[in-house]
Amino acid sequence: MLPWVYEFRWDAGHIIFLGVFFSVLIIIASTLMRALMRAIGDFKNRRVDHVMWEVAFEDLPEPARACRHQLSGEVAHRTCPNEFDCRDCVSHELFLRANPVPPAGTGPQAPEEEQLFGLSFPLDRYYDRGHTWVKPAADGTLLVGLNDLGTRLLGSVENIQLPEIGSTMHVHGTAWQVSTRGADTRILSPVEGTVVDVGGPGKEWYLKVRPEGNGDALRHLLRGAEIKPWLTRELERLQFALSEDGVGMSLADGGVPVEDLPRSAPKADWDAVWGEMFLEA
Amino acid sequence: MDQTTVKKSRYGMAIDLDRCTGCGACLIACAVENNVSPGQPKVNERNGTTWMRVFEVQDGRPFPDAQTAFIPMMCQQCEVETPCVSVCPQNAVEVDPETGIVGQIPQRCLGCRYCMTACPYHARYYNWWDPKWPDGMEKALNPDVAPRMRGVVEKCNFCHGRLHEARARAAAQGSRQINPSDYIPACVEACPVQAIAFGDLNDESTDVALLARSERAFRFLARLGTETKVYYLSGRDWVRRLADRELARSKKETLHG
Amino acid sequence: MDKLLITRGVQRSPFWKFILWILPWAMLLAWGLYGAYLCLAEGLNQTNMDNRFAFGLWIYLDLTVIAFGAGAFFTGFLLYILKRHELKSVINSAVVLGLICYSGAIVVLMVDVGQPLRAWFTFWHPNVHSMLTEVTFCLTLYLTVLILEYAPIVMKNRQIRKVPSYLVFEFNLHKLMVVFAGVGAFLSFFHQGSLGGLYGVLRGRPFAFREDLGIWPSTFFLFVLSAMAAGPSFVLLTTWLVEKLSKKRLVKRETMSYLGKLSGVMLIIYILFKSVDTLIWINSTSPSSGFPAFEYYDRAAFGTWVLFAEVVLFGLLPALVLLRKKLRERMVWLIPSAVFVLAGVALNRFVLTIQTLALPTLVFDEFLSYMPSWQEVATFSMVIAYGVLLYSLSFRYLHLFPQERELTQPY
Amino acid sequence: MPLTLTRRNVLKFVGGSIAGMMVTPLPWKLLDDVAIWTQNGPWIPKVPRGPITTAFSTCALCSAGCGIQARCVNTIPYALSGIRNHPANNGTLCPSGVAGHHLAYHPLRLKSPVQLFRREETIEVQPVSSEEILGKISAAVAISRNAGEGTLALLDQRPGRSVSLFYRNQLAMHGRGVYLVSPTDPILITQCLDEMVGTSFGPVGYNLERVRTVLSFSAPVLDGWGTPVQTSKMLAHRGSSGQKGARVIQIDSRYSRSAQLADQWIPIKPNTEAALAFGLAHVLLREGLYDKALIQSRALDFQTKGKHSYFDLVGRFTPDHTAECTGVSRDVIVATARALAAQGPSLVIGDGDSGGGPLGREAEMAVWGINILLGALGSNGAIVHHRAVPAPKEFSANGLSPVQGVSDIPDHSIGVLLIDASEQGDPLPWSLLERKLIPDQSLVVAFSPTLTGLAQHTHYIIPTPAHLEALTDVPTMLSSATGTFSVSSPLLRRPEGTMDAREIMGKIFEVEGTLEELLKQRTSAIFESRRGRVFKASTGSSVQLTELGSSDELWAELTAGGMWMDDPVRSKPLPEFHFMGRSPAAYERMLDAGEGISSSNEPDAPRKITVLPYGRRAEVGGAQLSPLMTKLYQESGLHRSSKVAVLNPATAKEFNVANGGRGTLVTERGTQEVTIRVDGAVMPGVAEIAVSPEPVGQAGTEIVQEQDILELIVPDQAPTWRAFRATLQKA
């Protein structure tokens, strides 16, 4: 195998054969090393949250990965290529230019639209696809909370694990974790920044975050007129998730989800539903 | 004899099938010489170890006209494209360029048995059992030949131990060329009717070289092109036809052994 | 009970049902382990192999499962190198199948060789001219590659993925999968081919011996082609079986049909080459070594029907069905065709292993038959049971079919 | 620089060394070597180490007297070969001889006296002291001598040795002593000639060099019947040697080795050899192909008035009648007789097969008859006189007990049966011996090194030294043209607890002396005779005996692989003789033998097959085979095991058994399972089954009784067991 091992001959056969063997071995080993180095790099660059979200996003069923502009009807079919992070999305830029979304609270939207399908979706805030909302506060911080559907989906939370004050949030990284009925669900962070204060289920908001970076920190979030079609889609998804294993529960069109969904349909596979709705594979 | 240059040898055999009586002395002498262990209680014709084995063959004619011949069959020492050498994954089979003898290195053999499937003469044997001798018989083993272990392949090597001994004897006399009468494989020595000739095929004057060129000489499966160095001699047509399937077909009788 | 280990959003049978399912397989595995233990401890006298039948059930099994396992490399190659994204839905399953087939084959090989502790000698003193050396090297490397391909699937298990380092490593490894796919395809090409070369180089066995094409005998290429035909069919068939057993749709029908098409295309190429090769062999290669080819089909059960079955019944017929879009889109045609493809390849491996050894070379030698001993059958079953268990566990706890949730939730 | 020994420094040093070592070939070479070492585990037997020496002796496994050259390590022989130029074997050995040095390690070897208990299929042994056995024998001997109840019989499986003379002498003195030999022993064939001549005709042998045609009646002439040198000479014309050999015609019911190797095989219905002999004689007489003057003058029963004569007897066996009796075609009979007469000198050999039993007295006389007609006993014939090997007078001072075949003594007559050399000689059905014993009162003791063969049927075994442990002389072979004498000297140390037969008999009869003294006396007698030549192993050539200086010198040569060969003598003219022997009912007995009363009166019952047992003289036929003999019996098909019945395909079909299938043979004595082999060359209607013991390659946990086809023989059925009928069923 090696030149000093008995039976090694310096002939073409040996050189070619062992050359190929060692090359392949080196390719495999170096690829493995490369993956390892990159993983270490990701850790060093604090990209763990990002990676976790990317992996989760990859695993989402295709319909769950629809682009916001598909939901709004601007395009017939488009799967988001950027893991719901529109901040650097060129297409989003182009879509916006063609058809700007009115800022929240202005434009053609009527106040009553804050009530959608019996759920409270105030227009003064931004909504993330992971059922959180972001509301800029006066002091420049951002308030982060769970939207009405999200709250009803989880029902009464048994245990909640909020981040420590001072910890860093990444877009679509873990904001906080809840465990209910034996299943863990992580709630995606809608924004990037440092946690300056924490609230909780009983409070108005869950987190107060000091944003990081430039002004487009909220660019990837849904707003205004985008909310309704998205919510429609989400309720559809919920409907299917619930009806999957014949629980028999249905959210009739226009029907209002009850305050505590798990309690009203205890037999449903809530673990699966939460995974589905909170974008966790 | 010139002692500075060692001429290359091609050791071969010529076995006279018209003389062979099928007594089996060669087979036993071989086993004695090469420390082949006695068979286990469950051993049979298909899983035994007989480096040299004698086939009893008939011309297929029915009673009372049947003719019988005995064919001693051992490693045929293929010279060209030696089938077992190229298949061994770990160089446990080698042709010695000095002697032309196909050697097996049992200590390196993995026991994959690929060489056995490659051998057209079924001359290779696998140690299906641990080698065992009755009590005390280890003391009567040939000190020149290492016993093999279970799970490796072995075969005829023209009595390698004897070649070593002959070389040692030559070296003791300051010669690098062995004396032909010092190197005679056990089967050749034992044959009661002296049906086997052995020697260097490269040396035109040896009996074996003469016999190999005789009209009665033939080799089994010669058309495989492996240029075996074991020749067989027979004046009987039906025996000579056993060398090749197509030849055997050319006669109407069906053959069985 | 084990719900938290199961991928979110997919339905798996209750734990007790799963236990009931794996219990008989586990028992089979235990029996097989005992058989293999006997062979290792007592020696291969436990088998019914002998000096003529130096290869038996095990080598046949190895050749067949490795051919079937070709789905892993072929699918990977098409997906990652040729970017056939429709295969993404079966790649995980194909990798698991590949891993099962290859690791099973290597385990059996280790029982089969007389001195398994010397297996490393092949690396240490390699005879580079031996097909078996090529097989050994490629098989070991490819098994490494398969493990590296399987590792990300494991690391994405619901609980394991919670460990960030695993997930991040998985993520980065997965990104480099194209390298492994390439290496895998390269290695597979050589060892599938070398397995064929294993027999093709047997000058002393004119039934198996074939002329060289370049530096390899023609069986080298025939094995590559037939393995590429068998691989997709095996993935297709197992997927279908899993669908039937789990009563779920796991893969889109188009993917199934596409796998069938792949098989069909490879098979027709294979059959074409095989026919030409057989004709050359019958008319030139074999007779020139003194062996009239018709004699081979003159013995015991091995009639010319073997050749017919291999080329027409299990070759041309399924190939034609699979090549017709309308037929392969219907399960009643697709599935039996896949079965036929596999039967044809398995028959080919059987013929090359068993018939080659059963046929006499010397005129006065006889045709031999061989029946494996229970220890051999046990070791064989051990691999089957191991495969079923590993697949069952993977199917239950790992996310093998990315389309599963999608297909079970009709959007 | 100060050298501080800190842990860190030490670790650094070690680490650096290891790293540095990796770039040298050392670890890799080590790995290589370890790879080889690991393959030499303790479970693999180690070859012995020690000084290599060469020793010479003579093989005593049969009476060929082959010279053996042993390569020894630590004085233990590890390989045997023949001594070059030796008159018996010229450098070659038979398979048994080649592996002779293994017999001491036979898995069923006994090293201390045992008592035997036979169970269903196994044998249990219990150690006893030799004194106890000897005491029992002495007591029984005394009873037999004084009370006259039963005889003291000694079955000598190797007659003709010097110790055999000692036995006969002692038995003659005992009064009720009987000296028995196997019915197949060649001595009995010469006895037939003696019966024809009326006096002791003297030892005869065969001068094969003179012979052009050999007609063998089932004798294994090409398979261990003669010495290797003789067999080689008979086959000399084969192949490319260009030498002249003899044309061999084999008359055989079996497709035996000799039938396979002979120039012509004449298959014959089992047990009809006498008829064929008469038929051949018929042709010779009818065509005048014999020495009329000699027959007229010497034969007393050739043509007699008023009494049935040989002429009458042979006259009945016309070629047609003979063909009917024997199944041999008329033309073959005539042609064979003519060939014998025309292509002389011719020789007809009776003898029969060692395992298959004797041809029978009448058939042997019929064979001698043809030899006489052909002039084979004449001065130019191939059957030559030789002189007995000289023996001291005191060997026979007290008379010699006559040699008797086992079948020749009355049933239930033996009180004490001692079997010497029971591991040797031809196989013998135990049933034949058993009926000679006084039921339930007899004592049977074997002197044997192994628990094999006849020894398995005895009450006690006193272990004797094994082959090459024992000192013994090798008697002259039947086929030898002159008397020969050689000594097998021990190459191995005999184990404690073994006694040679001379020691045992000396204790029983209270006679002083050792075997070595006995043999030395004989050697002296030979030396005193001043005849013959001596082959010296050391030089590989022969010298006149007179060239040796002393008896001790002769002894030294004989014990080192040498051989003494008597000078040939001019053949005595044939005295007056009776073709049919001298017994009152000679004609009737001969006629019965020819017409075959025993086999033809039984109706051809369906499902009955004629079993032809056979032994192999080449393998001594006896009960000792080297463990390595598994190579011939189990590991290759060269020698059929005793569990295999070979049938003609047509017969197999008739009995509904298939090649490789199992069958059961049944007689009133028992059943035996056999594996069926189909062979187109075998005579239809018969099953050929070997009687040799199975070689024992490895010791088992218990001693299994040998199962032999001879067990199935119904002893009263016939004087010989060459062919018997048994039911064959598919198993």
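Should a chain be cited, it is by its letter among A, B, C and D, assigned in written order, with residues numbered from 1 in that chain.
Please note the rule applied: a contact is a pair of C-beta atoms (placed from the backbone, for glycine too) under 8 Å apart; a residue touches a chain by one contact, two chains touch by 3 or more.
Because the structure is a prediction, the values reported are computed rather than measured.
Relative to the whole-protein C-alpha centroid, the nearest chain centroid is that of B. Between B-D and B-C, more C-beta contact pairs are found at B-D.
Our note on geometry: subunit B versus subunit D, Cα centroid distance of 31 Å, whole angstroms. The geometric centre of subunit A is 40 Å away from that of subunit C, both derived from CA atoms.
Chain geometry summary: the mean Cα position of subunit A and that of subunit B are 76 Å apart. Shared interface positions of subunit B, i.e. residues touching 2 or more other chains, are given as 40, 44, 48, 55, 91, 108, 130, 149, 256.
Annotation for subunit D: residues 32, 35, 39 touch two or more other chains. Shared interface positions of subunit A, defined as residues touching 2 or more other chains, are 5-7. Chain contact summary for the complex, subunit D toward subunit B: residues 35-36, 39-41, 43-50, 52, 73-74, 76-82, 89, 91-95, 97-99, 101-102, 104-107, 109, 222-224, 228, 231-232, 235, 238-240, 255, 257, 260-261, 265, 267, 618, 626-632, 634-639, 648, 679-684, 695, 697-700.
Considering their complex, residues 2, 4-6 of subunit A touch subunit D. The touching residues of subunit A, counted against subunit C in their complex, run 1, 5-7, 13-14, 16-18, 21, 24-25, 27-28, 31-32, 34-36, 38-39, 42-43, 47-48, 51-52, 54-55, 59, 61-63, 182-183, 240-241, 244-245, 269, 271-272, 275-276, 280-281.
Residue ranges of subunit B in contact with subunit C, taken from their complex: 40, 42, 44, 46-48, 55, 57, 71, 73, 81, 83, 86-92, 108-114, 116-122, 124-130, 149-152, 220-226, 241-249, 255-257. Residue ranges of subunit C in contact with subunit B, taken from their complex: 43-45, 49-55, 112-115, 118-119, 121-122, 124-127, 129-133, 136, 198, 201-206, 287-292, 295, 356-357, 361-366, 368.
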